[in-house]
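This report refers to the structure that appears directly beneath it.
By letter and in written order, the chains are A, B, C and D; residue numbering begins at 1 in each of them.
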Amino acid sequence: MLIVMKPQATEDDVRRVCQKIEALGYRPHSMPGAQRTAIGITGNKGPLEPEDFESLPGVAEAIPVSKPYKLVSREVKSEDSLIRVGPQSNSVTFGGPELAIIAGPCAVESRAQAFAAAECVKKAGARLFRGGAFKPRTSPYSFQGLGKEGLEILAEVRGEFGLLIVTETIDPENCDLVEEYADVLQIGARNMQNFSLLKRAGRSTKPVLLKRGMSATLEEFLMAAEYILSEGNYNVILCERGVRTFADHTRNTLDLSVIPAVKRASHLPIIVDPSHGTGKRDKVTPLARAAVAVGADGLIVEVHPEPERALSDGYQSLDPDQFEALMEQIAAIAGVLGRTVERKQGKEIGSRK
Amino acid sequence: MLIVMKPQATEDDVRRVCQKIEALGYRPHSMPGAQRTAIGITGNKGPLEPEDFESLPGVAEAIPVSKPYKLVSREVKSEDSLIRVGPQSNSVTFGGPELAIIAGPCAVESRAQAFAAAECVKKAGARLFRGGAFKPRTSPYSFQGLGKEGLEILAEVRGEFGLLIVTETIDPENCDLVEEYADVLQIGARNMQNFSLLKRAGRSTKPVLLKRGMSATLEEFLMAAEYILSEGNYNVILCERGVRTFADHTRNTLDLSVIPAVKRASHLPIIVDPSHGTGKRDKVTPLARAAVAVGADGLIVEVHPEPERALSDGYQSLDPDQFEALMEQIAAIAGVLGRTVERKQGKEIGSRK
Amino acid sequence: MLIVMKPQATEDDVRRVCQKIEALGYRPHSMPGAQRTAIGITGNKGPLEPEDFESLPGVAEAIPVSKPYKLVSREVKSEDSLIRVGPQSNSVTFGGPELAIIAGPCAVESRAQAFAAAECVKKAGARLFRGGAFKPRTSPYSFQGLGKEGLEILAEVRGEFGLLIVTETIDPENCDLVEEYADVLQIGARNMQNFSLLKRAGRSTKPVLLKRGMSATLEEFLMAAEYILSEGNYNVILCERGVRTFADHTRNTLDLSVIPAVKRASHLPIIVDPSHGTGKRDKVTPLARAAVAVGADGLIVEVHPEPERALSDGYQSLDPDQFEALMEQIAAIAGVLGRTVERKQGKEIGSRK
Amino acid sequence: MLIVMKPQATEDDVRRVCQKIEALGYRPHSMPGAQRTAIGITGNKGPLEPEDFESLPGVAEAIPVSKPYKLVSREVKSEDSLIRVGPQSNSVTFGGPELAIIAGPCAVESRAQAFAAAECVKKAGARLFRGGAFKPRTSPYSFQGLGKEGLEILAEVRGEFGLLIVTETIDPENCDLVEEYADVLQIGARNMQNFSLLKRAGRSTKPVLLKRGMSATLEEFLMAAEYILSEGNYNVILCERGVRTFADHTRNTLDLSVIPAVKRASHLPIIVDPSHGTGKRDKVTPLARAAVAVGADGLIVEVHPEPERALSDGYQSLDPDQFEALMEQIAAIAGVLGRTVERKQGKEIGSRK
């Protein structure tokens, strides 16, 4: 059930509706919009009676929600969500006209490597830095990340370059540590249905970057996001990173049609990872262009100062020159869609002035 | 085995190599390039001796070919193939800087419907008209096309609007009829491994548009093209139209990464069908933009004057206004890649001179 | 629409219903059952009126059919279809309590090879011999079969060993030739939606073995069979041979759950091909056991006198000893399900009376 | 690297090899077999020198291991692992000639429901009881299990019926609680690559039932098991429960060919879950028969006293009568393979003495 308030409803009206919901033993989720506030209800086992709410002052409508997802749904919130990342003084917004670009190495390997990567990421104009300190690896014998030391290096990168930090959290306990350092908590594809981790991230104050699982349907993807929102954290950024199919010319099959599908079903922003989505360096830039053209709100790209020496994912990482070229190309395509890509020195490429 | 001739090799040199190949019981495929001629050899059961050929006058090199495909391979022909469709006086080239746009209804339903569709296709600037006269349908009880009457309507469309005709052939016998009317023979996804049809198309003088099968790997796709080339018809245009996966938010999963993968492995042009690739009208335009951004050489799009009244595929057909908007958008994106989309009255949009 | 006749309806009653259907411009399909006759109607564009038929003498009920398939449906014919193959004097029935086992090499390579294979097939107790004369191959440069010579060898095998012949037809024209020689026309997975071939097979007097396409849904599989039945040939045997998935430990993923699913939706018999279904010799026998245990009506198995010397599919062919062991094992499992496997000299193994 | 000891090697010899491995900074895994002991080495970044070990007393051979998995590999341990579950006085062994059958409801819903289910499970002869106390559910609004109360009910079931308890653990912290109550820790398909949970389970003294992920390759499946073994817990039972494909006639596609593939690659036992593998009640028994016929070491089946009233998965749960019939059928098929299914009152069905 979704309670839509009238535009002129007061804060008191909203509070009264929430109290009524709580009194019935359910949980209210108040979502203020530019025009008016909507209040989602969760925790109910069966259907509710619209009449119970429509008689309250300030209530415009009580709408039964047909999809299994509620809080992530456009039915509940018709306007795009803008997710602001970072402190007021240095923030980046996902979901608005400006694309958000996250770049950096697969894993933080050393202070020197991270700084070299950060320098090239910043030089090309990206505002967010990615780098894994805790790495979920298929083999127990593969490099599993530097752990806390990696997080400390990431904090130094932020201090030195002003880049915002996106890094992965791998379990609920680990989340306590990662959220001290990260500006965005990343949840990887293999953990998309790790419900304990989703709930923990839902109780964090940090925005969450949620990657689509390798064989997740659109509904499962949105339901995973719903777990996070249902715990109170509405700052979720979705990410398409390729799905598993029979096709063997790329590591995964990047499903770009999910971008307009998510945009239709949900108000949440969605970005694309063309590095994991293809697993091959020479396909990253073409698919990054396609991602922007299809309407994604940003990209997350693996960039390594010396890809051939990377401890992981080197074969899909761009070198600094390739990344600069990518930024040029996507800025031009963003312009065609009336969007922008911020570049260094405040220069905006792709805006049609 | 591939014989690469010296740039200064004469026609006689080439003929002598071909005679030698025939004398050994194999089949030569001479492929003249801008710089020099290459000669592919097919029909050999086992490996050949390079020395047998390198001693002949005009021969630069004899290269064993490692991939199962030969004639379609970049190893055999490093330059992009330009496939010219239509008569000299009104031709369109696939594979060059200008994108080739094919549009029209799923099936020819009547003269009136075809003419209405052709008018809007031409108005929006497309040069090629699609429309099925013979329709492979999942159900024997579905509309199977107008047959020969449909072909005659298509011929009228060409006469009236100057549009080149792309239409499907469904079996070797049917090919005799279709090639009398079509400028391009289309082979559908379900027939991608109908080897009898591929061989028949390989003996046609008309270019062939070969759609990727629903679960075809890159290698199988290229091998299907190889069947056509191996019979002597080198004018093959590939087409990605979505593959079958678990994902259920679109009818098929459009695999745009296959575009750079084909470009790397083969010299043949490749276009994209965002209509079948998504199966949903509201996703056609975003994916068409993405297809151009990823580097496709053109598009094939379903356009119907009144989609809601179409006998087939109405739910994925654009109406005339939507198609015009699509043409505007892809022309702009093509410009970013240094490519063009020809528009009516010679106006070229997308070239940023 | 399906017309169900009363048990006591006369032949005249049935004829009158058929005439009425024809008078309306549709096509009647009379299907006599043990209890009573049902008459399917095809060719109608929209829904029919039950009342038009229920008033005729001998009609019990007129039932609208909801599934897109009609003639193959259990709604139309509730009893299992028994498909008899071969002449009266030497016939095998598919769909009854006795399992039908087809075995032999992938391709007929020579008279000697075919005879050696036939000897071991017969010795192990199988009654049907498989062997391709026309081979659909992914590569135009692979062995494509002996053609008509292969068919003649197969006819000799029948004459010499009394085995019934199952061999593939690859296009409508080719079907004219193949049906002169074959007892069962095989349509391969790549041709499952070659509708021209399906229609041609539907006009044959020979039973058809229809293999499931690599990415065919249950509905598409049954609709392909429907094409054959809708042309008047009701003798269709279905065959599961593995579908294409991401899994790479077998060549295809054998989908045994389709057996009970077909049994529920259709009256047609279905067998399993564990050779193509796995693509690996060591998995053929375990999956053959599983196929019988799940309820398949038979098997088609690749057997070669010398697998390591086969021109195609050697890696998935059993040698004579392995095939004999397979026959022993499936006979025992068939017995558990109350079914039998006929063995040489009339000895029935598997019935444990 | 794998160190194979001579049959006559002493415990001292083994200890010396382990000390040498530790001295090099790696980790030894001693695996005593019936004939001789093998010692796996993990923790090494690069290749090791066989010579370093072959000179030690008692060492027969030092073999480089080529697969990414080591401890789970047949190369490392050629004999089947027998995993004993439960206390000495009431244990069940996975991997031996007797099949292990786990049955019970999807979730523990109440004491009464669990007891009713347990009664029918015991009556039909199964020795292990399944029932979720913590349920990973796609929706945050679905029933998530009774939690600790559910575990206590399971402990009562064990006390009352003597059934061993298999129940799911959903995160590392939760594992502390679950292992107090369970005889086998189940890790669900969605958590197959939850590496934190795998490592925690690897430090448990309880055997682990590891379900294959929805899109896991054989290698990823075995690598997930390797995580558990690499932490020291060698008691891992694998479970095939269906993979995600395009096929829509079942909820998942049960991949029975993975059973012989696992048997070839690994020494670990593997069972099958035909309930989740098909998601449809009428397909559970046929696929259970097939699983036993293909060579699985056991089954895990959903049984509910009143399936139509179940809070979750009712549509795929068998009722008591159906489960008894299933047990009869699989016992007979097990007999064909020389295996047995223990039944109540010590009656063994399926052994053909």
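Please note the rule applied: a residue touches a chain if its C-beta (ideal position, glycine included) is under 8 Å from a C-beta of that chain, and two chains touch if they have at least 3 such contacts.
What you are looking at is a predicted structure, and each value in this text was computed from that prediction instead of being measured.
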Length of the shortest touching-chain route, subunit B through to subunit D: 1
Most remote chain, CA-based centroid, reference being subunit A: C
Subunit A and subunit B: spacing of chain centres that average the CA atoms, whole Å: 38
Between subunit C and subunit A, distance of the C-alpha-averaged centres to the nearest whole Å: 51
Sequence positions of subunit C contacting 2 or more other chains: 215, 244-246
Subunit D-facing residues of subunit A, complex: 42-44, 68-70, 136-141, 170-174, 190-191, 193-197, 199, 214-215, 219-220, 223, 226-227, 230, 244
Parts of subunit A lying in touch with subunit B, wherever the complex brings them together: 215, 217-218, 243, 245-250, 253-261, 264, 277-278, 282-283, 286-287, 289-295, 329, 332-333, 336-337
In the complex with subunit C, residue positions of subunit A that touch it: 244-246
